[in-house]
Amino acid sequence: MSEKISPFHIALLVYMIELDVTFFSLPRLIAENIGTNGWIGLIGLSLIAGLNIVLIQLVYRFAKGRTVYEIMERAIPKWIMYPVYVLLAVFWVMLGSFVAKKFVLIFQIISFQTAPSMFLYSLIAVMALYLLTKGIYNISKAVTIFFFFLIPVAFLAVYFIPEWEPIRFTTFLFREAAEGHSFRNWLEVYTIFTGYELVLLLFPYADRSKKIFKGVYIGHFLLTSMYLLLTAVCFGFYSLGQLQSLMYPVIDLLSYIELPFINRIENLILTLFLFANLVSLTMFLWAALTALKRLFPKPKKNALEIGLVVLSALIAIYPKITRDSEALLRAALYAETGLAFAVPILLLLLLAWQNRPKGGRSA
Amino acid sequence: MTTTTPDHKPAQPPSVEAALAEFSTCIDIEQRTFPKNAIQAVYLLHLVSQDQLYREIIRPFMNATDDETAHLLTQSVFSEVCSHCECVDAILNGKAALYQGNQAWIIDLARPIGRTIEQSETESVIAGPHDGFVENMMENLAVIRQRIRSSHLKTVELSVGEVTKTPVIVAYIEGIANPDLLQALIDRIKGIETDAVYEANMLVQMIDDNPNSVFPQFMTTERPDVICSKLTAGRIVCLVDGSPSVFSCPTSFFEFFTSPDDYYQRWQLGTALRLLRIIGFLITIGFTAFYVAVTTYHYEMIPHTMLLNLVESRSRVPFPPLFEALLMETTIELLREAGARLPTKIGQTIGIVGGIVIGQAAVQAGFTSNVLIIAVASSAIASFVIPSYIMSASIRLIRFGLIILAGILGNLGLIVGIGFIVIHLAGITNLGTSYLTPVAPMNKMDWLDSFIRGPFYLLRNRPSQTRTTNTVKTKMRK
Amino acid sequence: MRKGISLLIAIVLLTGCRDEKVIDRLGFISTIAYDLAGSEQGNNMLHISISIPKAQPFNERVLLSTYAKTSKEARFTFSRQNNRQIVNGQLRSVLFGKTLAEQGLWSRIDTLVRDPGIDSEVSVVVVSGDANALLKSKYPQYSESRYIDELIQTETKSRDIPNTNLHSFTRDYFDDGIDPTAPLLKKGDMGLEIDGIALFHEDRYVARIAPEDALLFSFLTGNFHTGDITVSSSGGDGIDTGDIMMGSLSSKRSITIRHLDALRDGNHLDVTIKLKIRGSLMEYIGPLKLQQSADQIKLESDLNKYVEKKTEAFIRRMQAVKADPIGIGLYARSSMRYKQWKAADWHDRFPHVKVHVKADVKIKDIGKLQQS
């Protein structure tokens, strides 16, 4: 663990954690919840996520090298924190498992319809275990390679230029949302960004000599531009009503592409997105691991990792159909979004209290 | 350098009897006695040059008196030794030991054994130097010295193998190579405890960080120009006596896809060649597996214009695509292995028999589809584009795993397989440096000289993986 | 770890294979034809045929036909008949009979779009007459298995007829400012023939554009870059300068919307469609001296009049059947506020919109011959 993660890899890590299975339904989510010209709403939501990152950055600045757990344990007695850690760990495992399970269920729409979904899930789980045992530094290296597998997909956007009509964007702003506008609906779209908050746990592994938050912002910006590109392509390629009616518009989008040597590349690209979901699962498991390590500072080699992956597989058994899996994932993502805002604020309060000038004597 | 076996006490004085006892039942030990001056010479007959033996020992000592002998032995070619052990070592290294009473001298009469410098069979280039390393380590060092005329080229001599006592030289350029890495390498080589090492490719497997990985973790080459470029890049090289391969470290995965050719051609061509190799790598690793995945699970992916032809060629094959592919891949590997074992002339015949007869007949007999033949053949050809033979062999082996996964799980199997490979690669280190440099950790400057071959005026810095302090290698501007 | 992996491999070996679709054991549906069944089969019944190309002998096909309520039901019947597993991942085109199309296609297309095996580039074609009969008839001069698909592909490439596939049909169906179109196909004496363009009101077939007018119609639907146009003075098209044939046409369309009332409530719209058409003169039989610029200009203005007259006639026909395949609604929508747009259905407004066409035809060159 001597090597530190550089801002570049943090950027890719943030990008890959945020990118997950919601990518396939993203254009529909936006069309349904925001309506016409939803891409503007997407920018707004991305800025809110940016604000959240600013909060995390403040924590980083005031923490002065301490980890999140250390800050909390200084203020709160350990016997309170330990159950919290267990809860957090279980929650993160759940979140990761739901993401991966939903990917499996979507994958089964296209191929391996009758294979047991837990078998496919266990494939991902074993990969996640393999990654976890390599440590966060090596995870970041693997993530870099996975990123380079996925980024060429963006160039497929070129294929849609002839069919792309800006007139389909309409001149209306945020109209035709399926259920009108509510906090909940916008929150549903906002959850596509969850994942950046794990940066809180990366503090001790990041290269302190460099500006790690530059990396976080770049990663988030990259993801936002990726989502914007996708949304722009979809809004010009589909009509709004069609977009709202399609379950996974990205799959349809990809199935439209006919290359000379290969058709129906959604078969390949959907599978390729296994990597994005693998990274999300692994990183949430890793987050759970850091929490559990506070309880068991000296675990047997790989015991915690195996335990977490087994737990994740057990949790993943529960959502069996797409509808359940969607509802569970959504609920978990809402909670995670709440955490993403609450934890930095709590930490900032704790830090303000811990760093308060001690009776003015030192001044 | 002395190596001691437990039988000897270092202080044992030299004596003819002890030496002869040491080499009892060795038919090639020879003892020559000069009665006039009571000199006895002991040497291994075939290690010494007969010419030199005659010139340096037989002629001068044949009729020399005691005084003359004493005078002769003061010459600098003779060096006095005072332990039995040293004598034995010297004799083993092709020297002759002269005994007179309790005193002993040694003189180097070793004759070079082995072939002369010629072109490397495994790594040939079109343009560029055509010499290759030989089995004689000193000659190899000389070839390197001839190219790097710098006193900063330093060497550390080590020896490996309890029985073979193979000499090993670690060479580096002082002021460029990182001393920590050098120390790490020396420590690792010293830490080897085995009885025999014959080859550099064998040695590296004993010192790498991940002994269970299928990937080679040290770059080995038979080309002096490659080794010199590694040295000046700040890497450390290591020569093993008796092996025409020399290895350099720290090594990254992408180094195996570079060839000296890239630098001898214009940079655009060099870049194109490197991209070609990456394509070759992808084809080798995935093409057959992809064919299996598509024909077994993803019929939709076949363009409709190709579909019927593919179905037609598949329709007479009785096996599922997975077995069909494994069958053909195994056949190709058999052909390749047979070609490698046989003399060149017969090897060509094998190629013709295999390529034309088996390929053609297998399709006609309905054993395999001709599209698969194309897939298998092109991935075999693509595998030879990878300059390093050892890396190319590793990749060919991995391919079988991917084919099986693709046959069972289609694209998912393929992607899962690739995922495992990537995770595995991410975990590999070489002397503690990342195997995936310059992708992870990312280094922009290194990209100019790994995936592409930038023009020389842009290749300013030494590779970051070497952790050199002396980073600038080119100051030239455009 | 290692044990885990080997265990996993064991499971993989045991469980895989169930979803296997080895290509040589499949029957790929390439075309489906839907018709309303006659009254003797009962109401709501469909007459469905599928064509499965065979690899050997080349160009042969298997043709299966049944009566069923839904297409999935039909597939069960087909699967029972066929010796191979029938899959629809290589479907290329769907044919709908005219009577079915008149009743509305959405419920059929819904099934096709929902099926993850079917890609969104499957051509949607309406047959003037019986789709099943068209699919069943043999065309010995052409490769049986691919004839329909190739015909549609060639025609859409030349942009004579719109490239309608499941995606574009769904897109226009869901969009409130535009209606879908589809190519019309019919059985001719020698083979299949394009019988024009089918216009839809929502998902119901309502009008047809004749094949000879298809090009003029495609001027209206968007930009295109290839095609030929023939105008004849004898055809009563209001041109007295002779027979003209122009090739290598490229056209650019632009639509401007003007609100005639200050309220901009969308009930008094004035639409101008500008067509910028460029082409080379390929053939001319008539009195004009083409080497003279003045005569070329005269020819151009005649052509302008011809294009304007014809296209405006189309639009009036569309207005009569409340079908807007051009997408004037899209432009109208962009010129209004959301409330006004939503105040009325575009289909009700469209007939009352004033539409003008302004053509701008220019002869790029007159070929290699100067005098005629």
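A few remarks follow.
The letters A, B and C name the chains in turn, as written, and every chain counts its residues from 1.
The rule is simple: contacts are C-beta pairs under 8 Å (C-beta built on N, C-alpha and C of every residue); 3 or more make two chains touch, one makes a residue touch a chain.
Owing to the predicted nature of the structure, the values given are computational and were not obtained by experimental measurement.
Contact counts per chain pair peak at A-B. Taking the mean of each chain's C-alpha atoms, the chain closest to the overall C-alpha centroid is A. For the pair chain A and chain C, the distance between C-alpha centroids works out to 42 Å.
A separation of 64 Å divides the Cα centre of chain B from that of chain C. With each centre defined as the average position of its C-alpha atoms, the distance from chain A to chain B rounds to 44 Å. Looking at chain B, one finds that residues 297-298, 300, 302, 304, 409 touch two or more other chains. Touching two or more other chains at once are residues 111-112, 123, 130, 258, 263-264 of chain A. Shared interface positions of chain C, i.e. residues touching 2 or more other chains, are given as 12, 16, 19, 89, 119.
On chain A, the positions that touch chain B within their shared complex are 3, 6, 8-9, 107, 111-112, 120, 123, 127, 130-131, 134, 138-142, 144-146, 148-149, 258-265, 267-268, 271-272, 274-275, 278. Residue ranges on chain A touching chain C, taken from their complex, read 109-116, 119, 122-123, 126, 129-130, 133, 163, 167-168, 170-172, 175, 237-242, 244-246, 251-252, 255-256, 258, 263-264, 302. Residues of chain B touching chain A in their complex: 297-298, 300-304, 409-412, 414-416, 418-420, 422-427, 434, 436, 439-442. Against chain B, the residues of chain C that register as touching in their complex are 12-13, 16-17, 19-24, 26, 28, 30, 53, 55-56, 58, 87, 89-90, 92, 117, 119, 145, 149.
Partner chain A is touched in their complex by these residues of chain C: 1, 4-5, 8, 11-12, 15-16, 18-19, 89, 113, 116, 119-121, 167-168, 170-176, 178, 327, 330-331, 333-335, 338, 341.
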